[in-house]
Amino acid sequence: DKANDTLNVAFTKELESVDSYFNSAREGVIFQRSVWDGLLYLNQETGEYEGNLATSWQWVDDTTLELKLREGVKFHNGEEFDADDVVYTVNFVAKPENGVVVQRNVNWMKEAVKVDKYTVRIITNGPFPAAFEYLAGPVSIYPNEYYAEAGPAGMALKPVGTGPYQVESVEPGKHFVLKRYEGYHDSPKGAASIGTVDIRTIPDVNTQLAELFSGGLDFIWGVPADQAEKIAAMGRFTVANESTMRIGYLELDAAGRSGDHPITKAKVRQAIAHAIDRQAIVDSLLKGKSKVVHSACFPTQFGCEQDVTTYDYDPEKAKALLAEAGYPDGFSVDFYAYRDRPYAEAMLSYLAKVGIQANLKYLQYSALRDMRFKGETSMSFQTWGSYSVNDASAITSQFFKHGAEDFARDDEVLAWLNAADTSVDPAVRKENYSEALKKIADQAYWVPLFSYNSNYVFTQDAEFTPTPDEVVRFFQVSWKQ
Amino acid sequence: MPGSIRASGWGEAMARTIETVAEEIRSPSPGAMLRRRIFGHYGLVFGIAVLTIIVLIALFAPLLTSHDPYTQDLMARMKPPFWMAGHDPDHLLGTDHLGRDYLARLLYGARISLAIGAVAALISGLIGTAMGVAAGYFGGKVDLVVTFLINVRLAMPVVLVALAVVAILGGSLEVVIVVLGLLLWDRFAVVMRSSVMQVRDLEYVNAAKAIGCSVPRIVLSEIMPNVLNNLIVVATLEMAHAILLEAALSFLGLGVQPPTPSWGLMISEGKQMMLFEPWLIAIPGVALFILVLAINLLGDGLRDVTAPENRG
Amino acid sequence: MSDDVTPPVLELVSVTKTYQVKQGMFAKPKPLHALNGVSLKLNRKDVLGLVGESGCGKSTLAKILLGLEMPSEGQVLVDGKEITAGERRVLARRIQPVFQDPYSSLNPRKSIEDIIALPLVVHGVGDSASRAQSVTKMLDLVGLPARVRRGYPNQLSGGQRQRVAIARALIMNPEIVICDEPTSALDVSVQSQILNLLGDLRDELGLTYLFISHNLAVVEHLATRVAVMYLGQVVEEAPSQALFANPRHPYTQALLDSVLTPDPSLSVPETYLGAAYPNPISPPSGCRFHPRCAQLKDICRSMPPPHILGPDGHVDCHLYAAATTQ
Amino acid sequence: MLAFALKRLGLAVLVTLTVSLVSFSLLFMSGDPASAIAGENASATDIEAIRTLYGFDRPFLVQYTDWLFSALRGDFGQSYYFKLPVADLIADRLSTTMLLGICGISFALLTAVPLGVAAAVRPNSFIDRLALFLSVMGQAMPSFWFGLVLIVIFSINLGLLPPSGSSSWKNFVMPTVVLGYYAMPAIMRLTRAGMLEVLNADYIRTARAKGASEWRVMFKHALRNAVVPVVSLAAVQMGFMLGGSIVVESIFALHGAGYLAWESIARNDLPTVQALILIFSLFYIVFTFLSDLANAWLDPRIRVG
Amino acid sequence: MEVGMDDPILSVRHLTIDIPLAQGTMHAVRGIGFDLKRGETLCIVGESGSGKSLTSLAIMGLLSKKLRQKAEKLQFAGLDLRNQTPRMMRGLRGDRMAMIFQEPMTSLNPAYTIGDQLEEAYLLHRKAGKAEARARAVELLGKVGITAAESRLSQYPHQLSGGLRQRVMIAMALMCEPELIIADEPTTALDVTIQAQILRLLSDLQREMNMAMILVTHDLGIVARIADKVAVMYAGEVVEQGTAAEIFDNPRHPYTRGLLRCIPVPGKTKPGERLGSIPGIVPSLVGNFQGCAFRGRCDVAEPICSEMVPVQEEGQEHMWRCIHAAGEGASEGVSQGVRP
């Protein structure tokens, strides 16, 4: 609402806690980027890291990173920012018993050591090349005095950071009001332009749209493609589309964790890959900037080898492969999914055409994850957003290192990934990721499907350019002059 | 010797009584009276007619459309129905978000809704009737226990519990039907309990006891036929209830699994586009509304028609 | 009359029946003594008339005799043998009921034939052909035309229904028929038909009746013996003629005084009964009748009346205790 | 009286316990809450650590009694998801749901009772048919569908009412109508049936024979007797509404307890779901108890023996 | 408007009541008439369904609007009841004409105390305060023989027995000293002893207040003891009407005779002896009906009975509706002692 200098936006999900270490939702990331700052900043246009709360940084050795901090920065509550804040925050979140929800965001750090008032060292648990990615992303710096006193619970009710917006009010899960932080430091993020951001949780997309049409909301995102198309045609709102780092894939139980079934056969998996017309799904369902992907990672990610075996849509070949594998009449299998039911349904129909009778089991995310952890699913439709970390370690290594969610259990792949993950030499890393991804594609451990996109719909009064990391930076939204 | 009474000319008067009886016996049997009342009740006639049509549609769905409800065509998504511009004459009611023929899904969907309603009502009917009849007939401790269970059941928020269970077990036709069946027995139990209690104290039941009838015989042949109408009424209403609940569960994403063409699911799928293509929810919504309406009218009508005060 | 050698067909020995009744939502259930130490004998071919006010326990007594309720205390003897809970089916062949309400005593969903034949079916008597025959015979016996057999109760008038009920009661050839106000729901013109029928059947089949009624004229007409009940107790019992000629208990006297014969030369009698209606939950102390008694004495308030045997019957009243002791 | 009240209370406690036990075991079977606590991007080891931390590896009965005794002290534990005391969380959400429930039941009663009375007074008249029509519609109309239709009409097309939120009374108009309309048919029918029955009662004829006006007959003599079952039904409906407002709350983005319950199921937030089911059942029990009291006040046959 | 002492306070001529039913119109009451003077008691007897209650409700103006009611004359205390507004009828009811119903158990409103209900009857018609109404209620409760009247006022109907409730009903009817009281089977639901008490009370009060009373019953015993005049109804018609003595000592209509032979009369009927009976059942009154309704059950019926039946009179008071001059031949007809 331009008149009140208030941007009314909607979250789809109830945010469990606005303390960025204690939620794992996309909404939490969005909130975090506005209220807190990291030590570094990733410039979305150049792809370069810039200093945010730190002004310079360098590896002292493989596991020690030394950073110089910006001076004169103040937290929203007036507390001064210095090395103590960094040390306190890092030491707090790095301790597993403090229960940070997304451990992988922080468990690479061992501790932080104060060198002087404006210099700190972060010690990692072994070589960790992706460190900057995290320091520019999920690791936000909290005020030590306030956090020590209030703790996560207090922070969740009255968050305090150094970010471009300060929090005016929090009704847990329901309603948050952000106000421009007038004392924002000279950050590469840039100061906020709009005075107030009013965030309400509205779970239903239709209600969000209804609010948008009736003027109750100014800005929503994650609008499904069909609706976005229609809204664009209405001409009353700006619709922006940007790809995201999330890809969809079929996770196939090659290792036979869920028992002996056809999918353990490579030919069957390849048949599945040939059976699905991914391009048609992208064209008619996902639309926008979505692309078919062939490798088990997001194409822009570091190490994401693109030169892998591809499986084009070829039902005849799929049938032939099935016959070769000994299933000329196809077979029946449970097909698990937790989101995007229409995509799953479309795949179901393609599978049916080659004789694979897939029974859709649509579960809650946590329930499905339970089953996967126990190795009970032979085929499931999964998606992964890599936390917007632009590095193959955030996806390939997540799923192919014999963890609970690894249904390939390929020792060769494990070895390559270990080598890639622990080296600081980009060339070595690239080489090893490439090997791993090629094998994954050859064996069709996964059937990578497509990348996602996101639609941002906002009033024509507002100006905003979305970024591929799917993070809405409120401070980059402005009113049109 | 009974004959002697007759022979004694005991009743010339009796003979005349017999004549008047002959007169009166022409008053119709209960069945015939019921039939007559049924056709005098417009709501009931409407309910029966619509329900019959829907059942026929469900049975003969394959004959009524040449389309398969599962065949998708991603190139022909959300084609509008025949009354709107740009429709495809091949798809009378248009196509859904995956390009499946909406008419075919609607027709086949009738099967699902009816099956859910009927089977859920059957399961809950069996449970509730058994409990209600036992409580009503035996009273005392049995009644206390059943009343307690009914209270427990009523105190449990149905939608919540159904959601929880379906969320745990994963939605599928069978799960939804069984969950609804296990949750909706309360009204059967309540109604059966009170109607059996009413009938239990009637003198013909006492007469049957005095004759030496066994308990199962009394319950099955003396009591049940007289509370059957209430049972049928509750069954129809619960059937409607189950159908609506399934639709609500589907709306919340925890109902029958796709690609099963359930009407509730169709609304849930069409809901995404309801602001732009309202017919997507209007068509299954209206179908659902008409089905539930018909079943309710049938139930209401049966209640009116078989209500004790209407009995001859 | 009574035969000392053969025991009475049916006998009650100080039977008490207690119900727990709840009054209001906040009250504890209280015991209600529907019957309080009732002893009665029913001899073969007797018609025992049972009279008394509404709620005095007449129907409860009938239910106990039919085995529909079990006495809380006391015994029921048939041919001198005690009846226990399990013997309902045995009893059913000997004792059958005719109830008051001809509308609720027949199952509306069954045809007349099914209703009448039910006892045969239950006891596995005969095959369907012989049952059909028995039904025909019974219909004839109670004066119903054969064609009603396919009909349903709602097609019959009250009097006809009562005939069906009688047919059902008689099809097993019982010895005893318990009639609980069989005519009180009927118009006089129909009542007389049923009374005639009952009388005829008794003569024909040698039945024994327990005949419950509050219509004293009817009881006098039909009964050979009469028992008068008041608040769960039998206060007087005597042969019919003796009782009507010479009522002894003040309550019996009041009852007889209250009978309104169709005689336009008389006016409504004064019964000298007070308006203190009996409450079975908290019955008066001493003689239960004392608050309404016109011949009240002091002793009546505190002492339960004695059981005074007459030549053939008894009366429970202090008045006669005084008379005999004096 | 006291004995009765105690007995009644004991029964209520027993019902609540059974409900809580049933729901607890239900949720216990639902699998591993640890995974839910861990959140969407957690790893297997994260989850394992949480499992032991929260004691999910203990036997069922131990966990249940543990929970029960804390609950008796008013401590429902911490929400796995919000990391807040469940009691605070629910207290916050419950006010919205209660408000919604009260508005809904008031709407239902205020439309259903007058309609029911009018319909009973003039059977087969226009108003009777209208009432029947409205109730038949209400019974057959899926409430989620109705809600969506209202939004399309009143928010989008007419722009009269805000489609979501809970900041002003305007936000409650449509949810109230949807929720109230859901309860209206049953109440209307019961009022009508009760009034019809009562109007045929002998004491109504007596009142007329005394020369009482129709108005007086209707409202002094008939209604008081006819509403007794209505009060009970309204209490039951009110209990249902609180639990059943899930759909309405999700459509209109009202952050009430029903919506919280549903979301908590999806999030496997065991303590919250558990506490909510318990509280909903308590509400049901309290409402039915209150309705019994109200009925005792209305009907002396219940009140005095 | 004052009415002379000898003028009838209630005068009914050719009252008909039709009930529209699904199967056709039911002619429930077919042209009945009678007169009633102050201080007189008219008993209406007849079988169940013969139209007794409908007649009394019609006089009170309490018939449901669905029923169609017509009369050549329906006059109460000089007022033509046929064209009174509902408001005026309300003013009459409970004030100048009152009614007592059959079912004491259900005729009192269970939700209000006896006191409330008694006082209401008074306050509706008299400009009086609550205290005055209360005093009146206590007075009348005493009059109907209820002891400790003060404390009864705060009791609820369900706390009283049937006999007491019927007394309360009577007290309620008398609150405004009506000129006409209609009692519709006031004692059928009561025990014999209480019946006698209540009837005595009614007739005493009637005499004391010089009211006109219509007493509806099917019990000939009551009729004999209480009535000045008797109207015997059969199938919606008055088949015989006259003074009590005439009707009982000299019944003319076959139906009346039959009725009298049906009941066992202590002293007259011998125990165990067969009773007289009227075979058959009442004809349906739905649709057009011609001729004598009793002919199907009558022993002396002749073909001509299916045509118009004349009313015969004897003296001023006794009239009956039969083709047989004095009901001759009827004495054999009603089967008494048919059995050899």
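Which chain is which? They are A, B, C, D and E, in the order written, and residues in each are numbered from 1.
Note that in this section contacts are C-beta pairs under 8 Å (C-beta built on N, C-alpha and C of every residue); 3 or more make two chains touch, one makes a residue touch a chain.
Here is each chain with its UniProt name: B = Binding-protein-dependent transport system inner membrane protein; D = Binding-protein-dependent transport systems inner membrane component.
As the structure is a prediction and not an experimental result, all values here were calculated from the model.
A.B. asks: Along the shortest chain of touching chains, how many steps lie between chain A and chain C?
C.D. replies: 2
A.B. asks: Which one of the chains is farthest from chain C, going by Cα centres?
C.D. replies: Looking at centroid distances, A is the chain farthest away.
A.B. asks: Which whole number of Å gives the spacing of the CA centres of chain C and chain E?
C.D. replies: That pair's centroid distance is 31 Å.
A.B. asks: For chain B and chain E, what's the span in angstrom between their mean Cα positions?
C.D. replies: Measuring from centre to centre gives 49 Å for this pair.
A.B. asks: Per the centroid of Cα atoms for each chain, what is the distance between chain B and chain D, given in Å?
C.D. replies: Each chain's C-alpha centroid was found; their separation is 24 Å.
A.B. asks: Of all residues in chain B, which are in touch with two or more distinct other chains?
C.D. replies: 10-11, 14, 17, 24, 167-168, 271, 274-275
A.B. asks: Of all residues in chain C, which are in touch with two or more distinct other chains?
C.D. replies: 157, 193
A.B. asks: What positions in chain D touch 2 or more of the other chains?
C.D. replies: 30-31, 148, 152, 156, 250, 266, 301, 304
A.B. asks: Could you pull out which chain B residues touch chain A in their complex?
C.D. replies: These residues of chain B touch chain A: 70-72, 74-75, 77-78, 97-99, 167-168, 170-172, 253, 257-259, 269, 271-276.
A.B. asks: Mind listing the chain E positions that touch chain C in their complex?
C.D. replies: So the residues of chain E in touch with chain C come to 47-48, 145-147, 161-164, 167, 190-197, 199-200, 203, 218-227, 244-245, 247-249, 258-267, 269, 271-279, 281.
A.B. asks: Quick one: which bits of chain B touch chain C in the complex? Just the residue numbers, please.
C.D. replies: Listed in rising order, the residues of chain B that touch chain C are 1-6, 10-11, 14, 17-18, 21-22, 24-25, 27-30, 33, 202-204, 206-214, 217, 222, 225-226, 311-312.
A.B. asks: Applying the document's contact rule, which stretches of chain D touch chain B when the two form their complex?
C.D. replies: The touching residues are 11, 14-16, 18-19, 22-23, 26-27, 29-31, 136-137, 139-145, 148, 152, 156, 236, 239-240, 242-244, 246-247, 250, 258, 261-262, 265-266, 273, 276-277, 280-281, 284-285.
A.B. asks: Show which residues of chain B lie in contact with chain D when the two form their complex.
C.D. replies: 43, 148, 151-152, 154-161, 163-165, 167-168, 240, 244, 247-248, 251-252, 264, 267, 271, 274-275, 278, 281, 285, 288-290, 292-293, 296-297, 300
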